[in-house]
Amino acid sequence: MLVVSIYVEWKLNIKVLFFASCRDLVGTGEREMTLTDGATVTDLISELASEQARFTDMAPSLMVSVNRAYVERDAELQEGDEVAFIPPVSGG
Amino acid sequence: MLVVSIYVEWKLNIKVLFFASCRDLVGTGEREMTLTDGATVTDLISELASEQARFTDMAPSLMVSVNRAYVERDAELQEGDEVAFIPPVSGG
Amino acid sequence: MAADVYKIQDNEIKPDALYNAVLADSNGAVTTFAGVVRDNTKGRGTSYLVYDAYREMAEKKMREIGDEVKDKWEVDCVGILHRVGRLKIGEISVLIAISSPHRKASLEACHYAIDRLKQTVPIWKKEVWTDGGEAWIEGDPSALVSR
Amino acid sequence: MAADVYKIQDNEIKPDALYNAVLADSNGAVTTFAGVVRDNTKGRGTSYLVYDAYREMAEKKMREIGDEVKDKWEVDCVGILHRVGRLKIGEISVLIAISSPHRKASLEACHYAIDRLKQTVPIWKKEVWTDGGEAWIEGDPSALVSR
């Protein structure tokens, strides 16, 4: 018997923004990234940390926004989301 | 026996200022007045009330300053003092 | 050079009239309060206001407020202007600007200064209403208990 | 016509930039807070500052502060400007102006608005010191717990 298994994996494309000290660390202010469907903010952080170990150290102090609203780490990302990593703000 | 009694009465000359509703009541913003030596703010108020009965009604609400500092009613006046009657202030 | 300003004036007060006077390089904050002629008092239409002041004493009491503010907060310069005469709707009657190294001091000091001005500074406001009435407004005499 | 203003801008902010925008005939008070580039931080000489912002989100968060302020106080209009780029000593980095019928509301609301801005609005300051050092300044992360 022939068994053909087809694994279909949805991907989601997002835009990721980095500011201030985080931009300096990552080396860019903006990236397009592709994640697995259902990925959360935590998954995105893991992905970035896998590329750059020092991102792991900075991550706990960062706020994250999705489409310009602050979110928690368990927020699920959607196709086309604009995600931003926001170091402790110091405007004013 | 001849007894000669000489009564010497010192007088003091002051400038009196009136503002706002008090100026309207008195009909002038400034007067020169002559009082008996030792006169207090209370004596000045009595003198003004004797000239104009309605001053008696207004007096309790007035603050008084002598030489541009607020004083109590028992303050003694001195020659050359600038006394002002100050209705409840409403600047700002 | 930043400096204090305490002045009763007849001519128009611009909203930035004190800004440059009070600002020094060591300041990180300037709070400015403008009191403006409103078009009504509790719904009764105001036509215009007339302010009267005991000028010399008013400037002295304004300086005392500035000194008091500097005792209580770490502020640098204090400016207080008050206008007298006839004022139209929208014109500035009083302007207070306070500079400080850090924001909290100038914000709190500015609030305190305008409250204090309304208690101790010999200035009076006459309202002339659109219905033809007019009256000298009197503040709360009890406010003066602590001078 | 008085209107709210929430804007990140590259060019100079004048101290009276928001005054006419926020003032209506029914207002008796306008409180303005200017945050200014100070020449030192805890004694270390500052050469200049660079401000970076997540512009679109910053303007959104500033509007949220304005809405919050209007919920809490009886104020009329709120204006908030924040500058980005390189700023010299004495230049205005942030300007907040709030109008209200009575003074207390605009004074308290203005104090609240600048405190809130420093907690929630995605803007960052880099200090460049006269000794050649430079660093992005980070606020207190705990301030963001309540967003």
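Brief remarks on what is shown
The letters A, B, C and D name the chains in turn, as written, and every chain counts its residues from 1.
By our rule, a residue touches a chain if its C-beta (ideal position, glycine included) is under 8 Å from a C-beta of that chain, and two chains touch if they have at least 3 such contacts.
Predicted model only: the values in this text are computed from it and were never measured.
Touch-path distance (fewest steps) from subunit B to subunit D is 2. Taking the mean Cα position of each chain as its centre, A sits at the greatest distance from subunit C. Separation between the centroids of subunit A and subunit B, computed from CA atoms only, is 79 Å.
With centres set at the average Cα position, the gap from subunit A to subunit D is 29 Å.
Each chain gets one centre point, the mean of its Cα atoms, and the points for subunit C and subunit D are 23 Å apart. Of all residues in subunit D, those touching 2 or more other chains are 35, 103, 114, listed in ascending order. Residue positions 92 of subunit A are each in touch with at least two other chains. Taken chain by chain, the contacts run in an open path, each chain touching the next and the two ends left apart. Contacting chain pairs in the structure are A-D, B-C, C-D. Only residues 35, 51-54, 56-58, 60, 82, 93-94, 114, 117-126, 136-141, 143-144, 147 of subunit C touch subunit B when the two sit together in their complex. Those residues of subunit A that touch subunit D in the shared complex are 17, 19-21, 23-24, 61, 63, 65, 68, 70, 84, 86-92. Residue ranges of subunit C in contact with subunit D, taken from their complex: 14-16, 19, 23, 25-40, 89-90, 101, 103, 106-108, 110-111, 114.
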